[in-house]
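In order of appearance the chains are A, B, C, D and E, and numbering begins at 1 in each one.
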């Protein structure tokens, strides 16, 4: 509840700001929104259900690939691409969820890492479809494909913002819903949940599917944003960066991942313009942040506010 | 037949190397519950330090000792100054080690550049053992032997001293461990340093064959994790069985169905976890 | 007056991560040339804005966007990986910014998926190998060869090029072994190499080249089966770190640091003096690339704002005194240049790629008719 | 022996101990009573260094221990039987006693010999709790609640404490064992060990203790001999919520 | 004894841990509304029996019938759905949720709305009301907004019991619900237990004999995994072997 004024201010800035920004900044802002959505979807697993997934970029990537393959090889229409992207990503999480939902803790970390690596391997090796290492380029531009009357980065930004706001609202509703609370219960004490009568496996599975679905949404947007896909979309680095966004921002909150995603996208792009030693700086930043705010930046702010 | 024997030996060598690398990881996880993403960095630092020292002194032994000691010191510092504060809080600890992985990786690039290199063979072991048609490098046999010795050492340490029990107590309940008189800081610092040292040692052992190169830290980390997970996090026996299983399956997999070589590594893990969610010898 | 403003060049390459050293080599070559010409072109200073693409295509694109939209560069140069190369192309075309690819070697960039605004000054993966296949059959006298290579597009194109001309002359590629790019222990693959071939053709680079060489010798194969390969396997970016195991390996590439021409001797000396290392083909690529670029800018008298004329000028540059020898573009935007057959030798205690034969003016289409050539599919795994 | 002066302890912002002043006399059993949530456990935690006090002093045999880390306080031979047992889940009974024991050396050597040593050792502990001896190879999380409680007591005993802090040591023990613990406390006292006993089981505490402090809302509100406490109906109902008059059985 | 109307019937239930027979061939019948106490020395197998009934552990042998249906093979959550609720001897809460959230999660457990995703939990007025009422009943309302892990031990124990009531169970298994409570709180808890819906069958583990005998009309004594005696409380308290094995103290 305390988040409301903060969220409102940010939202107003997000809506009103871009027309006054240079196209490059609008682009960065778009990226932040896409990753923020992705990070929020991971947070459903990581922060709420307590399932640390290290293969989450997989769904993102698969959805992006679906859009890429359909739009380039098969020249499919806009809605076909979008719907298939989301559907395929969700379907994948449904299937993988069957495999991983009974595993917990580090083992969950590792089994999702493995499934992520397998997906990466697939994107790398299933050359006739994915183009292998070279990836697929030539995804049509959003405005052309969707038949939008406006073009350009600002228009794309607003489309992304719309998707983001809708998804974020859905997610916010989800985590405060009865179902959202069952996820927290599982995170806190699964045994107790079972003895209270929850089929925890089922709840984990459903949360995995939901997380996969929202990741797919962001993957679809990302595909249009970049105009190409490549295996690096689903590799371990992508997944672990995502993981960092969530933990840095504050797992178990929805604002946290947004902050984390924003901070990391911004930092990476800004520092690297000034120094080639940016990984060092970024790493130091992670360490310091975790040191000072082990619960994430957002929770740090919250505790401060609560105590004052 | 020759082919099979060679592949079998290759598999065992991979297993030995994996065991050396994964041993430290499972040690640190088993007693501290830290998923140490920086483990690969320690491995990398070991190789780089050894490389530098060997280049200066021409002594493999000195290089190994320097690598092990220096990396242990780095590990100790990381634990004392950073991880200690978050004892028994796995997520912040893991994120910290991720940060360190990034820092070490870039620092290594800054100091040593990104050129690949290999460590020299010990002169004694440069040749190969040849029996009829089977040619097998002597050094690889040596690594297998070393891994066996290290495994034995760890086992003895764990089973026959109180260190193992104290370590586990520290993980189970650090507060009570402290109230029972265990110097938790000392114990966890020691273990983390030992895990780092083991990684460095593994790196040096693999050095003549795999060498050092930019990106090596994250290259081998998933492998080590797969081994540890198959065996069950924290179990020494698990690490041993896991590395042999992975070593053999991966080698034969690559040889027999090269198309699937991207999957031979992970498939066994997924199968094991699907059946037993805590690995072969792991406890929930 | 616009002339007073600097010419802005955006440069991207991987400067962190596993490919950072190659990225650095490229950058070093670039900076070396710009330093040599000093004052700039036609009274306009040259500003280089450097960005790290982390060898991730999406990052490369973001950084390119930044360079183009925020820094308003006049032209772009760089990129290392094929995937980045392909990823940037649509954006480059849309923004109409001339871009120079010094090393990206994916065949199709100048074949089936050409881009108007991209000029390649490096080579295409199969280009030197076409020449090498024929040479291996006729001059080296090999009849039956096994190949072992990294399992990705660069590997397939190189092996494919070699196989095409080698078999066209009558040779036989008996077996093709592919190693995943992340492999470190080559033992399971080495065990598959048939012993009854005349030679093994290997394609690796960076650490995999180093490890492969080591292990090839370790398993006693070096004494038994002759080793040849693609140029990257013994390129100067790894050669200094190899030992005797590399001696005698014969490879083909469009450059070697041991090339004995005045232009190259000068370049190598300058490069060594500045960076204290032997230039690799990556270093040379962007040195020559910079020279190419500057030449084109001179042609348009520093009027880089007119990108259409600039890209036209870029396409019509001819260099006669590049370190690697003369080069010019074919109609498809890929250089026609010499290919050198090199053998690793130890000279003054240092390993080097000694030129044993120069095959002049090799095109990406070798001796084939471009139109027919392009009707065939791209080289792939099979 | 132990003097606590105006102790203030916080959890984050919540001020739990609000100036506790009390003492434990050498060789005697001192009980602390109070309703749920008044801060008894917090007091114990501050004593052994788990939640260091923010203000005030704790002096143990002339040594100020207020800010010492727990393992050093343990080194001064203050042992804790924590509330909620806090057994190490992955350690066997034997390992618990081995690491807590004031003996160095390997596991194998622990269970035998040492009969001649004075003080507490594994054997003596097994004599008091034969059940533990039967379960010696079992891991902590395989023990029943009562067995864990016995182990928690045993773990504190083998350290041969000078001061034993027991936070509700009878919880979950069957009546016979509660009596056994009562006997044990008396025996320890006879051996010269000082004991701080926190108890809910007021009648047990009153029977066992030589001196009682009653705590309420982070303060000591009453200190006296047990008999005097029992006689004071106000205190009993107000701070302990013990309405029944149930005169304690006289000892000895 | 009437088994057809019984709500819980155990027939020959056994559970072994390695060589240890923790529960050995136990027969037990619970009628609706019955108040039944399970007593026995530490390590007798009481908690294990609970685990087997509630489904945390599988029975090695025997059958468990709940309201006429065989539930031996069902998972814990399925049994809970059929009306079994339990408390844990070693507190199992949701430590990082607030007290009210703990309660709400428990309340929605057997509610169809646990899969609802489109409206906030706080808008489910009846659930919130139930949770609030339960907290009031158990005197936990002052801590509504505290995180469960910050409660004192005794309050955690109360919450532990309160959680089990949320699902309107038909069969309630209480594992030492009084442990850790101060005398005053014990009385409150006893009163609460007495006020439970008379149609619920309650099986209570308790070491405090007064409480056990005051609450239950039937008693089962477990000893080394086996049922030593079972019957009305007068009969059990007269039984000699019970006195020896368990109530030893009383006849001291």
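Heads up, the rule we're going with is that contacts are C-beta pairs under 8 Å (C-beta built on N, C-alpha and C of every residue); 3 or more make two chains touch, one makes a residue touch a chain.
Note that the structure is predicted; figures quoted are calculated from it, not measured.
Participant: Spell out the chains that contact chain A while also contacting chain E.
Facilitator: none
Participant: Between B-C and B-D, which chain pair is linked by more C-beta pairs in contact?
Facilitator: Of B-C and B-D, it is B-C that has more C-beta pairs in contact.
Participant: If we define chain centres by averaging CA atoms, which chain lands farthest from chain A? Would you check?
Facilitator: The most remote chain is D.
Participant: I'd like the Å distance between the centres of chain B and chain D, where a centre is the mean of that chain's Cα atoms.
Facilitator: About 43 Å, centre to centre.
Participant: Which integer distance in Å separates the CA centroid of chain A from that of chain C?
Facilitator: Result: the chain centres lie 36 Å from each other.
Participant: Between chain D and chain E, what is the gap in Å from one C-alpha centre to the other?
Facilitator: So the centroids are 29 Å from each other.
Participant: Mind checking the centre-to-centre distance between chain A and chain B? Centres are C-alpha means, answer in whole Å.
Facilitator: So the centroids are 31 Å from each other.
Participant: Where does chain C touch two or more other chains at once, residue-wise?
Facilitator: 16
Participant: Can you list the residues of chain D that touch 2 or more other chains?
Facilitator: Residues of chain D never touch two or more of the other chains.
Participant: When you check chain B against every other chain, which residues touch at least two of them?
Facilitator: Residues 106, 262 of chain B touch two or more partner chains.
Participant: Just spell out which pairs of chains touch, all of them.
Facilitator: Final set of chain pairs in contact is A-B, A-C, A-E, B-C, B-D, D-E.
Participant: Help me check something: in the complex, which residues belonging to chain A touch chain C?
Facilitator: Chain A residues touching chain C: 22-25, 27-28, 31, 124-125, 127, 132-135, 137-138, 226-228, 230-233, 237, 269, 272-273, 276, 278-279.
Participant: Under the touch definition given earlier, write down the residues of chain D that touch chain E in their complex.
Facilitator: Contact set of chain D toward chain E: 11, 14, 34-38, 41, 83-85, 131, 135, 142-150, 168, 171-179, 200-202, 240-243.
Participant: Would you pull the chain C residues touching chain B in the complex into a rising list?
Facilitator: Chain C residues touching chain B: 16-22, 24, 177-178, 180, 182-185, 187-189, 191-192, 206-207, 209-211, 214-215, 218-220, 237-238, 240-241.
Participant: Going by the contact rule set out above, which residues of chain C touch chain A in the complex?
Facilitator: My answer: residues 15-16, 50-52, 55-58, 61-63, 65-66, 69-70, 81-83, 86-87, 89-91, 106, 151-153, 380-381.
Participant: For the complex, which residues does chain B have touching chain D?
Facilitator: For this pair, the touching residues of chain B are 160-162, 165-166, 168-169, 171-173, 175-184, 283.
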